[in-house]
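Working notes, structure below.
The first chain written gets the first letter, and so on, giving A, B and C; residue counts start at 1 in each chain.
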Amino acid sequence: MVVEVKEADIAPSGGASPGEYGERLMTLVRELYPFCRSLTGDGVRQTLQALRRLIPIEIHEVPTGTQIYDWRAPQEWNIRDAYVKNAAGERVIDFKKSNLHVMGYSEPVHARMSLQELRPKLHSLPDHPDWIPFRTSYFRRDWAFSLTHRQLLALEDGEYEVCIDSTLEDGSLTYGELYIEGSQPDEVLISTHVCHPSLCNDNLSGIVVAAYFAHILRSTPRRYSYRFVFVPAQIGSLAWLSRNEGKLHNIKHGLVLVALGDDGDLTYKRSRHATAEIDRVVEHTLRHAERAARVMDFWPHGNDERQYSSPGFNLPVGAIMRTPCGTFDQYHTSADDPTFVTAAALDRSLRWCNEIAATLEGNRTYLNLNPKGEPQLGRRGLYRTTGDRTGGGKVKEMPILWVLNLSDGEHSLLDIAERSGLPFLEIRAAADALLECNLLQLCDTGAARC
Amino acid sequence: MVVEVKEADIAPSGGASPGEYGERLMTLVRELYPFCRSLTGDGVRQTLQALRRLIPIEIHEVPTGTQIYDWRAPQEWNIRDAYVKNAAGERVIDFKKSNLHVMGYSEPVHARMSLQELRPKLHSLPDHPDWIPFRTSYFRRDWAFSLTHRQLLALEDGEYEVCIDSTLEDGSLTYGELYIEGSQPDEVLISTHVCHPSLCNDNLSGIVVAAYFAHILRSTPRRYSYRFVFVPAQIGSLAWLSRNEGKLHNIKHGLVLVALGDDGDLTYKRSRHATAEIDRVVEHTLRHAERAARVMDFWPHGNDERQYSSPGFNLPVGAIMRTPCGTFDQYHTSADDPTFVTAAALDRSLRWCNEIAATLEGNRTYLNLNPKGEPQLGRRGLYRTTGDRTGGGKVKEMPILWVLNLSDGEHSLLDIAERSGLPFLEIRAAADALLECNLLQLCDTGAARC
Amino acid sequence: MVVEVKEADIAPSGGASPGEYGERLMTLVRELYPFCRSLTGDGVRQTLQALRRLIPIEIHEVPTGTQIYDWRAPQEWNIRDAYVKNAAGERVIDFKKSNLHVMGYSEPVHARMSLQELRPKLHSLPDHPDWIPFRTSYFRRDWAFSLTHRQLLALEDGEYEVCIDSTLEDGSLTYGELYIEGSQPDEVLISTHVCHPSLCNDNLSGIVVAAYFAHILRSTPRRYSYRFVFVPAQIGSLAWLSRNEGKLHNIKHGLVLVALGDDGDLTYKRSRHATAEIDRVVEHTLRHAERAARVMDFWPHGNDERQYSSPGFNLPVGAIMRTPCGTFDQYHTSADDPTFVTAAALDRSLRWCNEIAATLEGNRTYLNLNPKGEPQLGRRGLYRTTGDRTGGGKVKEMPILWVLNLSDGEHSLLDIAERSGLPFLEIRAAADALLECNLLQLCDTGAARC
């Protein structure tokens, strides 16, 4: 799990070639796949511990019963084994084969019953007879099994031994947090959910991309501080919010990472603000890098962005994903397994994160120090010298002219990229060249303008 | 003319089924059809008196010569009989057969003349040889007859007796007004013109829909006050405006009702403001209820909206109609008769009015009382309890989440409906459910926000 | 060069019929064609002197070395003769045949050399073997010849005599300026570049259209003051700006004129402001007059608009042209000769200038003096008097109603034209008619509103 990180990794033009991180991301997916994560319990702790070999996540425990706004931290659920045995004593449903066989938060049970009695507790998917559905009952005590439809049809009448060796007791809700300090107190919040058991795209993909994103950022010079939270969905983000209200004013941008491993198009779900800087940044990266990409307006459902975006917080948090959850067949079934995610998709998702960070980091506002007319670019090596039709300078001419023209203190580099239609990286390269010539001066102070 | 009204009539989801009011509206059209309405005179009074059996309209008289801004109330015109007799003494044009045969405001005449002398006073429509055109000369003393083109061609040379037994004398201009008080002084103005003789779509349809709309509103709990004016076109609305300047500040929304009985698509002509609340409300009702509908930008012509929208008043008054006046062939001809309007069209138009009122009434602004994160909807019966893919609560989940997310005091329910793309009624139902759970609190004070 | 100018010329509806100015514009193009203009030197002076027969341009000289912001006025370049002679003493390249044969700003040279030595100094266009390319080296001392590719291929090995009889010495940079005073100090800046040698579309077309535009304006009653500058590109406009900073606050609108003689569509390049009054005015003239026209967003390249638009000045200056420079094959080659521009195109371009000026001049804001309801237009002869379907007044009814409706002091006539979708000239005619009836009152004071 030792990873070489180059300083340039954050820059999308250099950095990882397709596949550079892909195999490492896949290896981590496969390692975390068997753990039985849930809203609480040891599966979450195991997962966070495994990530700690890569990044120094702090693990937080919120005791059962703790008030979390309108909610309370639930009892902790752990499970050791579960099965349904037929009259012959054979395990016809076996938790050890797939943790999806047991409904999440199933209370303990050990009983004998007829198939008729058992039947209402068995969930299958007739349309996908080889897949096991993922079910939970977090807020109503219950128990149930999931199984493939073929398994269900094969069950014969008779008596069955039903056992769920779980505990549902006071304990705590567990989440992970990593703060990566930058030169500014302004923070970028990265959130991903860690409460799903053996499901890969939703959301081991989000977990491993977030972990490597954090890993790369730690080795990269940065302006923003980055705060990564690895939380059980909804109640976990609310728990984190409830414990960190005093710090929320620092959060300038945020992203939820989810379902980043399938081969669907890169997809952005806008923040509630719709046109916040994070929205413009992410959309810019898509517009200039992808042949096909999807941008969706905010809606108050989905993942933890719905909590960060509730009116009492109203944080500018968007969500990045590939195929949106709920719109791929494998969603919340055993078919969301390690074959459903690919190294290439994970790698590209990670590079996307890096591109977003590079754009956020580089989006400064400058002042043209020679605002009256164009400066003489030729003698500074920034302009062709003969009046022919081809360029010749070291950097491109149009980005240079755009940066000079709009660097009046009112336009950030992203504003300039958007107005010019040019990629942010070309605009930023032009700004860097002009800074070197003392034709430009930084004009914002962190997030603010001059 | 006794009508049963249920309280729920204002709600478009319940209330009138297609056709519930249709026949009553048609009956009233047929009853009012023969009256010889004009800018002034007994035809208007007869019409208003007939409506008084349904709603307690006050009848106002504005004496001839009264200054009305740049205008004066005209002399009153009444007509008893009119005809053109041929040499054989036969009525070849007979007012008693259709009041359209006489140009509105024709001065009295009784003379004998040759066809050649008479010819310039005869108007017909060569393109529609069986239709009688509707003509008026309100502001220049004159007289004339309208007749079908077939009648015109059949006239033989010879002497004719021409008689218009009309009076054009000092009297008054008549209009009707009905004020329906609501719990707020804020008013919705509903205006329709009553000056056309035997023409059905323009504008008996507007008159009868307005009358039943008023009738239903009187029996419905309401927040807004509603003011209905039944006026001769242009000069009538100006007369009303001139006498009510002190009350105009109460008018928050307004609609002109015209040509609502033909089978064309529902059509909205925006107010001069273009994006006033009435504009957004009416367009929302069209977007979510109609397969085909038309929305037109304001232009300073048309019906009385042009007076309400003059810069000195600038009231937010739109106009609802079906096929716009002037764009159907039957417009201002005898073909705009009771066969041109239908019970179904009139009924649908009336329901549209009710939907508009329901949306206006329900467009309040609320405050989410649990603004930090989502509240626990499950224990309040507002959310599915098992993590499967299908919903299960009593009301729909997405409208609930939208109302919670945007009820920050800055968004009315219509804002939320527009942003979510959901029908207003679903949003309002969600708000009602949340109010019952004390998760929401009313936050505006009438028209204003909190 | 005596030109009859009628006062009505500025009005696009009357004024020049197609071709009225065309031949005079072409004659001037042909007269100016042979002069060897450059960034400095006698060719510019000759050109300005020729224009002085039509308009009283002031000629300004900026001494070599004068600081012009980040630049200095360059040395003055003049050339008397240049050639390449073959061993037989024949001029195989001859400046007297085309001044394009010598790279602009070529330093003097007189030498004998082999074809091999000469070859790097020879520029041709293999794709257009009969055209001579136009080349310059303003800011790096060098010399070179341009020639057709056929000429190049025909050169035989052997010794050549190379002679450029030029001077590159201290002198001055020359530009012309004409101020046409209006009744307001607010100025319209018209700028065109005068630094290209024998090239017609770029930019003799701009020069001659600007000259006749000024000529016509001088004889036309006007509200705005107009300032015409005839400058060498870039350094010339910067020189003018550097000497006139104290007057720039008067410039309310501006246009660069370039490449107005080819038969491409009329094209507008927006100002940096994008929606300044000049942008709206020019786009309006295109929308209502042309079947095909092109509008382009601002970009910080092109002609002198890039200097006027630099952030230290930020003047609202657009550019009008036909086919944009750089997008026609003949651009900067000997094929941009008098056959490439046409009398009809030049004439239409000039009329466009007049239409723009007429719209700017007429774009005032008025107040409806009868704001409550419509005034009685009929008795003022502004409305049909019979209720038939056809109009009948002296001016069109809809523009009258629009002007009345929107003349609340918040809308200029252009605002009204844009909202109504009607041509500015109809709106202005309506305003004129209403002014005559005392129904309207001027409400702005020059550029400001009431």
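In this section, contacts are C-beta pairs under 8 Å (C-beta built on N, C-alpha and C of every residue); 3 or more make two chains touch, one makes a residue touch a chain.
What you see is a predicted model, and the numbers here were worked out from it, not measured in a lab.
Think of each touching pair as a link: the shortest run of links from chain A to chain C has 1 of them. Both copies, chain B and chain C, contribute mostly unmatched positions to the interface they share, with under half of the numbers common to the two.
Rounded to a whole number, the gap between the C-alpha centres of chain B and chain C is 55 angstrom. Residue positions of chain C touching 2 or more other chains: none. Across the complex, chain B is touched by residues 68-71, 104, 133-140, 234, 237-238, 241-242, 272, 299-301, 306-307, 309-314, 326, 332 of chain A. For chain A in complex with chain C, the residues that touch the partner chain are 368, 370-376, 378-379, 385-389, 397-398, 401-402, 404-408, 420.
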